[in-house]
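Presented sequentially are two complexes of chain A, the first with chain B as partner and the second with chain C.
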Partner chain A sequence: MPENLTRPNTATYLTAKGFCLTSAAWMMVATLAGLVAAIELVAPDLTGNITWLLFSRLRPIHVNLVLFGFVTPGLLASAFYFVPRLLRTQLYSEKLGIVTIVLWNIALIALVITLGAGFTQGREYAEMIWPIDVGIVLVFILIFFNFAMTVKNRKEKILYVSVWYVLAATILTACTYAMGNVIWQPDSGALSGIPDAILLWFYGHNVFGLLLTPLSAATAYYIIPQVCRSPLYSHTLSLLGFWALIVIYTHIGTHHLLQVPVPTWLKVVAIVDSIAMVIPVMAFLINIWYTARGKLGLIHEDIGGKFVFTGTVMYFIVSIRGSMMSLPDVQRVTHFSHWVVGHAHVGVLGFAGMIALGGLYFTIPRITGKPLFSRFLADLQFWMIVIGVAGFTIVLTISGLIQGNAWLNGETVYRILPQIHIYNVVRASLGLLIFLASIAGCYNIFRSLFLTSGENS
Partner chain B sequence: MKMTATAIVSGSLLILIAVVSVVVILPYADTSKTIPSDLFRTRTSVEKKGRALYISNGCVYCHTQSIRAVDWGLGAERIAQAGDYLKDRPILLGSQRTGPDLSQEGGEHPDDWHLAHFINPRFTRPLSIMPPFKFLKEKNIDILTRYVQGLGMKNADKRVERQKLWKQKTIDAYESGVDQNVAWIHENVPKGWRNIPTPYPATDAGLARGRKIYQDFCFGCHGPVGDGMGPAQPYIYPPPLNFTTLKGRGISGGIIYYQIMNGITGTAMPYFKRELESEKIWDVGNFIAKYFIDQIDADMEPKGIDASYEP
Partner chain C sequence: MYYPFFLTYILTGLFIGGTVFYWALKSGQFSDQQRARFLALEDIGPQAGPTSMRGRYQLYFIFSLALAAILASIALLGYALFFS
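For the complex of A and B:
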């Protein structure tokens, strides 16, 4: 672990900066899309005949922008900072980094336009049409290449666990994204029938398993020891967590299909491995939490550390929920209900999103050499997101249980709508909170990178 | 273990290959032997076009096509089989059930109900939170309806045929004038039901409940004053029943109950036996009889033994 926090004079960290801005800006668009969609669940005639603002068009825009516009670039931003630092070298090519940022943003703009206009392949997380898919795979390969060459040029002999995760996440996602989007079938981007469902959920779950989780783990493994000023608790746990994650997480996609006619043995594999997820999850969490033991004061002082540590707590919650939901008796109630939406929000916003933001706030002062523009705004954003995501979880869990139990009891979907109405109202209000948080974050990050010096300077 | 770059990259790729062969390729080999199920048929070209509209407008985000063994609602008569999905590319199982499952939607309603419902879902279902699809215009709504009416394949075809058969009969009856129409409607209620008065008293509380049910379920077609001039009326033929025409034409609580429970296939009047329990149907029937028909037989003989809650 490099303990030296001063900035090497020659490094520019242009790529890291670019991904910071990408993440901060798209977080606003992504959360706005989610907010409008949530309002439409309460006021379905709100946007009338504006086709691109229909709930059913906004939903995939929201989901894909959160995954690929806000969280992934946010996590990559800190990776582009800490990977060269950990290797005591510079990024292989900042130029290539800039190319990937430009390509990435072109893909995101194209994503919004095409999905808004109704050009979609209709498969969750794999909606984008073929040219965008190709672009995204290409970007992942270029990013992997940039990191791999940085590793090759390194001056530090030992590869720290964060570097393992970054290398694995980028190369494995390039593969699973291409597979899951059936990139060899440009027209449909799909297989037929049940095999399509199996492949889709293999891929869909690996967006979290092989992209967001490893990148978040990489960021946490870098930031928590730095903030706590102590070495990582255990190398063995790092090893166990890393390999167990790749082996186990990849097996569990079919737990989305437990009530669908897929082969029973595959369901058994998915359920068993969903429970076994406790191994990589706890290996990572014990490692991080023992590193932080007795150091919570230091974490509280560092806004980046505060976000990241909260993210690890959310990871615990989302993982427990995830393992539980894979049990057939539980899933009988939760499947198809708001419970699942709540689960997704703890995972992507609470865990990966919090860690992405923590990464940004930790990284930015170190690449600009100046303090953050406003610690107050960052703190405000922290609490808005904590309240928002905790609220989402509570509200959507309650309404999910109402839906699931009512359906199980023989009530029709229509009859339950008035019962979940109030929860949809609260959900939209919390969405407003998250959207405002994203504005605060974007403003803060923009000012920190470009304009006046911080309030502390 | 020494974690070199080669070990990390090749190790994780090897694991990925091994896992993909177990959880993707092996199941692919397993499921590629799937044979068509008993209700499977290929889609017509207009149904394929309708399916493209279904995908491009994101219907899949709120409507599942995945009937499970634990389901009760629409389509639950038929639990999904692998052979049902054979030609679905992509498969549209869905992950959220904000609206009803549509696996067996075909033939559940006649086409005119779908037209009114797509123009604005609240025209036929006042509590719906589905977006309005008026912008598709009638031509595309018709294409989308063809797909929806094919959901359930061979089973849907049988139901669509039944809708057509009764649609013609209800139109003939409607066009033969009010007296004949009402007589025809009553004739098609099983005889036993016709002579049953509402066995429960029309209390103030019961009428208030009936009014709430009316607003949540009936309002869109039959309108605020029960004259059949709800917002769905312009799209529906034969038009929604004007309750005032029932007065003095042999109406009874039993007939009202039966029609709400069973619906009138061929018309836009759906059955409500899945959505409304017995008391709710009697309550809304009393509400209609008292306020719209102005002829109520609640609590009249023969009513059997009084229910225990009656004062």
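For the complex of A and C:
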């Protein structure tokens, strides 16, 4: 053991446990909302005129709960475990962590109730009303403070790349969330006209780019070397990827607005940087895959590592698609169609969601000191999600191409609906698979945390 | 008038980013990269200890909060389906 390091005392990891529970519970609610919304695309009259269950209300509930209820807490659960370990110290304050989790869950409950009741600011990914916006910004600031003070108290001089990613994700999200939700205008939560669209998509894409991506990268950079029992291929390359992500990712939101009269220079910046994203993406993937080279057997043995490694493969797919989709000639066909929905599912569920779940399964045995309740259930959940995400990708890509080509040729929207009906049916079926997977995962995690002596994981 | 907000945000971001990068450079964050490769492997962090009674209650509280969230969602669905 290096001389400058000391062995800290035992830890309770209450904050990590709390975020595990939060993620597992809200994944069920989030996927249920998505499932019902998907069924409504097949059978629009299913829920009649029940306002609470209109597609327009379920969709933002689904999206926001997946982002802030399932994936982010899942990734934070791992972060609250590995950040203190990497810094060779204790978390600055478990009490503050608990307060954060309570506030977080209150915000999520308020999210469901207000969006269900129709209280919305009507901007994609920024639908929540002002008090909830303030609550979310506050919890990110509290989390950043907790991590920053842990860094201050560290006994390891060098910050491992995962720590860089976690710190950046929490503080940048606090800033971009406040900015993107126009928090200084409580009534509307919006600017007016084109500037509002630019600001919204600056924020909208940064939810993925500056929150889910860095937290997922942080988790992968910690777990893959541990599972493979080999050092990271290159820490220098990882830092290059980190700074490249910070510099490049912040500019690409306007590629959502290529059909909109925003300044051309801004579109050019967005497209060029979308292509340039290949730099941080490949820096991350080459690093992780070279670390895992020849060690796939070890990854297969560890259910957490299996989820995380699969997440990195999904990251490759979603990033290549993302760069392609920013090209105007491609986007002319794909934009506003199901293609984009498929892309979002590969990114959020396939990449960040898989890594979040991998983080949970890797972390839980270590924070409880007990094996996972059921490796079988975790494996079952793994395959259900893999099949679900792969299915979403195929079905929504085909469906999106049908829509995009028809619209490009001047066909009206409603005449295309019969053609894509079958794809919507398959989409809803896959949604059921994902919902069942979330139940299996939630049960497994609850049992692992509370009740079981477990089996070998 | 939105440019002041945008410009302030960009300049603040550049300033903070530049400052953090300068700190990292000066404090040796980019040195000793060979040792940094092994940091995730050195498993010497705090070990999971026994949960105190108070900690156990805190966890139960969070669990009940998560449960309340699920029940709230079910209640919402029930209200929507049968009473609205």
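One rule holds in what follows: the second predicted complex is superposed on the first by the 446 of 457 C-alpha atoms of A that agree within 3 Å, B and C clash if a C-alpha of one lies under 4 Å from a C-alpha of the other, contacts with A are read in each partner's own complex, and residues count from 1 in each chain.
Note that in this section contacts are C-beta pairs under 8 Å (C-beta built on N, C-alpha and C of every residue); 3 or more make two chains touch, one makes a residue touch a chain.
Nothing here was measured: the structure is a model prediction, and the numbers come from that model.
J.: Once both complexes are superposed via chain A, do chain B and chain C end up clashing or fitting?
T.: Clash.
J.: Just chain B (first), just chain C (second), both, or neither: which does A:His251 touch?
T.: first
J.: Touching A:Pro263, do we find chain B (first), chain C (second), both, or neither?
T.: Once the two structures are laid over each other on A, A:Pro263 reaches chain B alone.
J.: For A:Thr51, is the partner it touches chain B (first), chain C (second), both, or none of the two (neither)?
T.: Touch partners of A:Thr51: chain B and chain C.
J.: On the A-aligned overlay, A:Leu14 touches which partner chain: chain B = first, chain C = second, or both, or neither?
T.: So A:Leu14 only meets chain C here.
J.: Just chain B (first), just chain C (second), both, or neither: which does A:Val348 touch?
T.: After superposing on A, A:Val348 lies clear of both chain B and chain C.
J.: Of the two partner chains, chain B (first) and chain C (second), which one does A:Leu191 touch, if any: first, second, both, or neither?
T.: In the superposed model, A:Leu191 contacts both chain B and chain C.
J.: Given the touch rule stated above, what does A:Ile113 touch, chain B (first), chain C (second), both, or neither?
T.: Only chain C; A:Ile113 stays clear of chain B.
J.: Which of the two partners, first being chain B and second being chain C, lies in contact with A:Gly410: first, second, both, or neither?
T.: Once the two structures are laid over each other on A, A:Gly410 reaches chain B alone.
J.: Given the touch rule stated above, what does A:Pro84 touch, chain B (first), chain C (second), both, or neither?
T.: Second partner only, chain C.
J.: Across the two complexes, what residues of chain A are contacted by chain B and by chain C?
T.: Of chain A, residues 47, 51, 159, 161, 175, 179, 191, 195, 199, 239, 243, 246, 250 contact chain B in one complex and chain C in the other.
J.: Mind listing the chain C positions that touch chain A in their complex?
T.: 2, 5-6, 9, 13, 17, 21, 24, 27-30, 32-52, 55, 58-59, 61-63, 65-70, 72-73, 76-77, 79-81, 84
J.: Touching residues of chain B toward chain A in the complex: what are they?
T.: Against chain A, the touching part of chain B is residues 1, 3-5, 8-9, 11-13, 15-16, 19-20, 22-24, 27-28, 30-32, 34, 55-62, 64, 66, 68-74, 80-82, 85-101, 120-122, 125, 127-132, 134-135, 216, 274-275.
J.: For the complex, give me every residue of chain A touching chain B.
T.: Counting only chain A, the residues touching chain B are 40-42, 44-45, 47-49, 51, 54-57, 59-60, 118-124, 148, 151-152, 159, 161, 163-164, 167-168, 171-172, 175-176, 179, 188-200, 202, 239, 243, 246-247, 250-251, 253-254, 256-257, 259-263, 266, 269-270, 332, 335-337, 340-341, 403, 407-408, 410-415, 417-418, 424.
J.: Quick one: in the complex, what on chain A touches chain C?
T.: So the residues of chain A touching chain C come out as 1-2, 5, 7-14, 17-18, 21-22, 24-26, 28-29, 32, 47, 50-53, 82, 84-86, 88, 90, 98, 101-102, 105-106, 108-109, 112-113, 116, 156-162, 175, 179, 191, 195, 199, 221-222, 225-226, 229-236, 239, 243, 246, 250, 366-369, 446, 449-450.
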